[in-house]
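Two complexes follow with chain A in common, the first pairing it with chain B and the second with chain C.
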Partner chain A sequence: MNRKVVRITDLSKPSDEPLVRIAQEDLMPVPHLEEEPELNPNIEKYKENYDVTLDGYLAIGVPKEVEEKALVERFLNGLRKLFSKNDNWTFLQPLALYTDYCAKCRTCVDACPIYISSGRKNIYEPPFRAEILRRLYRKYLTSSGKTFGSFVTGEVELNANLIRRLAELSYRCTICRRCAQICPMGVDNGLITHELRKLFSQELGIHPKELHDKGTVQQLKVGSSTGMNPDAFKGLVSFMEEDIKDRIGLDVKMPLDEKGVDYLVIHNAGEFLSWPENPEAFAVIFERAGVSWTLSSEQVGYDAVNYGVWYNDLQLTKLINRTFEIANKLDVKEIIIGECGHATKAYYVVAERIVPSDKKIPVKSCLQIFDEIINSGKLDLDPSRNDFPITLHDPCNMVRLSGIVEPQRRILRKCTKDFREMNPNKEMNYCCGGGSGFAIMPSYNFNEWKMKVSGRMKVKQILSAFSDVLDRDVVKYVCAPCSNCKGQIRDLIRYYDLWKKYKITYGGLAELIVNAMPDIPGFLEFEFH
Partner chain B sequence: MPEIEFKGQKYIVDEDGFLQEPEKWSPELAEHMAKIYEGIDKLTDEHWKVINFLRDYFKKYGIAPPIRILCKTTGFSLQKIYELFPSGPANGACKVAGLPKPTGCV
Partner chain C sequence: MLIGLLVAKYFSYLAVVIFAIVSIIKVSRYASMPLHLRWELYPVPHEEGGLPKELKEMFTEMLTMKRIFENRRGLWYFAYAYHGGIYLILLWAVLLLIGGVSDLLAPGALPGGYQYLIAVVGGLGMISITVGTLALLIQRLTDEEYKVYNAPVDYLNLLFAFIVALTGLLSWILVDPMLISPREYIASLISFGASNLPAVVVSNPLVILHLALLELFIAYVPFTRMLHFFGKYFMYHKIMWDTQPGLTGDIDYEISWEQEKGKKWRDLYE
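Take a look at the complex of A and B:
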């Protein structure tokens, strides 16, 4: 096994070759996965134009040729802003605490699925990334660092090599915050990843194009990160209403722009395109429960996505403000976020610190609303309608971050018959491996890294949860109430061929609720998609 | 950005082969892209049914249609679409049809 240890100072050294290479024999073994695709990062294809020298993979694709002096100056400027109250009032306090408080006990290291799955490559350790920021901060921004140098800061050299590699390294963490959950000091290395990404995006214009150009920029301009404009959205709503009729023979309306209702429901717009059965199921549940609700057809109002939460506070804030403007205009009582983890983080958690008090409207996750509806006894549900094995994926942003743990479990117990937990679960569950935007970042050779490294632990968990029924010719369902996780789990199932091998499929939670309604024909279709 | 060459013309594509200048798309170029990316010798009527629908929908709405609409309109199952375009509806069919790479959580 390749146990080469990379030191922080190595990141500043010139090299044509990656500091670390992932080899198949290093990867964490996964039971029941006898064969898997071979590793082929195809470094040769990219090394001419891009810096591939971190680990041979590219998430952002930082160009090789950069003007070093300007780059270093801009980085230092960004570093100063991160630690300045005026420029970083939202996150300065936790950042400053985490920069000071790490006791270097390394408890977090073994909690990281990326570090473990990779075969313990030390560059992926959560505190490795944080320590680089810590050393830079001490060296350039503290008086002791400036006076006593590396004696108090630890060695670090700020140059273009370090900046390019650190930019990529800030996209080797899914911000799942499992390390934060386990840290005895409460240090959140995920937040440090987020702050680094912010520095790169806001000061250096370095970010994955899927998150920025095609993500938040496109969303603010067109209305959705999918490129969906309001006309396209309205067309899809008509299609979904017809589709509900085709599936279950009922006329169910998906109300648009209705003022004064209880709930403004905002889905991740990816649902309309890839999994329309999910927003359709919401409509059936709300109609059955007699809830007054609406969708918005205004730009941004129909896409809960807010990729800003992963990399850029300015974009994050613009989208949050736009969404609250729409909700205020519609005069709704509550905003309900659909099955989307990062949107739950943006609107249920972060918005609380950003939205002015006169604009505030309560925000809830759909999981809480479904739980309330089912508890109130308004829905007739027959668990035997969902009699196949089901396991639950806990989206990190909903569960570990937002503390929404039991609602989805109570719901599953009421509408399914063979619900089995993954292990570990709840606040200690593992990320799907597509967190913090990775699920929508397929460029260069990054997909391979997502499948082989960051998603590996989830594949292991899924196969273990179904280990007693793998051979049985029954469909097995991974319930993932988050669009991003769902996309990643779909890609994992496809990559490892788990549908053909083991009949493992995936989907959301709302579909299972509707499928358990005894008086309507089956809602789920088990064609893998 | 990488390029592909066809009949003496150069076409800019992204790193996954999606055409970056959609106005340069032509049925002949689609035949060529189908060959180099999907290993399809000759596009059949069934391929064209998919391609034409994708292009019409894109012209109208500026995005690729949901897979479910594609299947319902063409009458092809998802499996059939994979048989026609081995890389699937997005990476195969949309690419050959000259549509941009799908974005967002899809």
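Take a look at the complex of A and C:
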């Protein structure tokens, strides 16, 4: 195994070749995965225009030719702002503490699925990229660093090579924060990744186009990161109402822009386009339970997505402000976030201290609402309707980062017959590998890295959860109550051909609830798409 | 003799004062930072069992270093030798303080066995820190994957702690196996000289060297990340387990990021 150790100073050195290369023989072995696609990052295609010298993959695609002096100057400006209260009141205290007090004990490294899956490439260790920020902070912003130099900061040279590679490296972590969960100090290296991304985005305008231009910018301009405008959304709502009728023969309404109701339900708009059966299932459940709810057709009001939470506090704030403005206008009692992990964290946890006190409205996850509804006995459910093996993927944002752990389990126990946990699970779960935006970032050759490296642990977990039934000709269902996780799991199943090999498919939670309703014809269709 | 007196008498107070002032400045700096966005990690113990559960989690982690024990056992043996040794030395300091107070106020009130307790706890503490710091130092110097993260000051810090512990250990073994002089020394310090300093503390070169290094170390710690015991309070209680609802941060700050220069956070709409 190639265990070359990369040093911090290596990132500043010029090179035409990647510092690290992902090789199949280095990757973590996955039982039951005898054959898998060959690695082909196709570096030659990109190396002329982009800096591919980190690991041969491109998430952002930082151009090769940059004006070095200006880049360094702008980076340093951003670094100063990261440590100023006006510009970074949102995370200054955690950042300052995490910068000052990492003990460099490397306890966290084995918690990282990316580091493990890659065959322990040390550039992916959670503290590696954080150490670069720590050294730069000490060197340029502290009196001890200015006085004693590298004796206290450690060696680091700020130049264009380092900046370009560091930008890419900030997109080799899914910010799942599993490392923080086991840090004896309580240091969160995931937050450092987050802060680096902010520096690059908010000051240098460097970010993946899927998160920024096609993501938050498009969402604020058009209404959704999918590009869907309000008219298209209204059309989709009509389509979904018809689809419900086609599926189960019932007239179920999906209310739009109704004022004064209990819940404003906001889905990740990707659901409407890729998995309309999920919002349709919500409508069926709410109708059955007699819930008073509405969707919004205002721009942003029908897309819970808030990619800002991964890379840019300014965009995060804009989307939060907009969403709460809509909810206030509709005069709803609560905002309910659909099956979307990052949106749950953004609105259920993070938004609270951004929203002005006179505009605050309680936020809940749909999982909590479903749990309440099922507990109240308003739904008649027959678990034998879902008699196939089901495992649950815990979205990091729902579980470790928002504390929503048991509702989905109680629901599954009431509406399925063969529910088996992945291991590890709950707050110690592994990320699907598509976290922090990766699931919607297919550009350049990044998809291969997502499949081979960041998603590898999840594939291992899924196969292991079904290991006793893999050879049985029965559908196996990965329940992922999160749009981004679902997208990543879909891509993993496709990439590793798990539907054909093992009949493994995936879907949300609401669909399983409706499928368990005994008086409704089967809601689930087992075709892989 | 003069150096011994300076070290044993005046520098002892000076070291403690520097430690206290720098620590207060550092802690105040963190405490005065603006309220950050919620960024907790679950499970949050106070949500499951209130303050008792939170305290239990905190003390379990502090006293056992459970997270390293469970996730990096090889390191735990060394790290725990070092930190467990520090805890023993802190306990030793408390025993010395009790002994000193008792000697000043009610001489002979404590049983004779108390001195054995002082000798055992202090001796074990010194052995433990010496072994732990040496092992950590060797590991940091030899393990390629750890070396990536080390600055020279990291080696210095460990070496410093090792030398302080080693000189203490040697003083214990060679000069005062029953550790009577530290008890007398503490009594003299807390009485501001009302009781005499023990002779060895002001005259024995090894003891003076140890004491001088220890005082330097105490004054040095708050300038380094070895002050993490205060930082840990914030990282656990003010971030990882902070779920206090109903608060809003200071959205009136003016932004200077290139992207939205000149706007205030509360004006971020589009």
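By definition in this document, the second predicted complex is superposed on the first by the 529 of 529 C-alpha atoms of A that agree within 3 Å, B and C clash if a C-alpha of one lies under 4 Å from a C-alpha of the other, contacts with A are read in each partner's own complex, and residues count from 1 in each chain.
To be clear about the criterion, contacts are C-beta pairs under 8 Å (C-beta built on N, C-alpha and C of every residue); 3 or more make two chains touch, one makes a residue touch a chain.
This structure is a prediction, so every number in the text was calculated from the model and none was measured.
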### Query
Once chain A from each complex is brought into register, does chain C clash with chain B or fit beside it?
fit
### Task
Considering only touches as defined above, state whether A:D100 meets chain B (first), chain C (second), both or neither.
second
### Query
Which of the two partners, first being chain B and second being chain C, lies in contact with A:N42: first, second, both, or neither?
neither
### Query
Angle at chain A between chain B and chain C: what is it in degrees to the nearest 10, using CA centres?
160
### Message
Is A:G487 touching anything from chain B or chain C once the two structures are fitted on A? First, second, both or neither.
### Response
first
### Task
Determine, under the contact definition given at the top, whether A:N375 touches first (chain B), second (chain C), both, or neither.
neither
### Query
Is A:N423 contacted by the first partner chain B, the second partner chain C, both or neither?
neither
### Task
Identify the partner contact of A:G215: answer first if only chain B is touched, second if only chain C is, both if each is, neither if none is.
first
### Task
Please tell me which partner, chain B or chain C, touches more residues of chain A.
C
### Task
Please work out whether A:C183 is in contact with chain B alone, chain C alone, both, or neither, and reply first, second, both or neither.
second
### Query
Once both complexes sit on top of each other, what is the least C-alpha distance from chain B to chain C, rounded to whole angstrom?
19
### Query
Which chain A residues are contacted by chain C in one complex and by chain B in the other?
none
### Query
How about chain C: which of its residues touch chain A in the complex?
29-30, 33-44, 47, 61, 65, 67-68, 70-72, 75, 79, 144-154, 223, 225, 227-228, 231-232, 234-236, 238-240, 243, 245-251, 253-260, 265-266, 268-270
### Query
In their shared complex, at which residues does chain A touch chain B?
61, 210, 214-215, 218, 222, 224-229, 231-232, 235-236, 239, 243, 268-274, 276, 303, 305, 340, 439-440, 442-444, 483-484, 487, 527-529
### Query
Within the complex, which stretch of chain A touches chain C?
5-8, 74, 77-78, 81, 84-87, 89-94, 96-98, 100-108, 110-111, 122, 127-128, 131, 135, 144, 148, 150-155, 177, 180-188, 191, 201-205, 220-221, 312, 314, 317-318, 321-322, 325, 349-350, 352-357, 360, 399-403, 405, 427
### Message
For a test of understanding, state which residues of chain B touch chain A in their complex under the given definition.
### Response
14-16, 61-69, 77-79, 100, 102-106
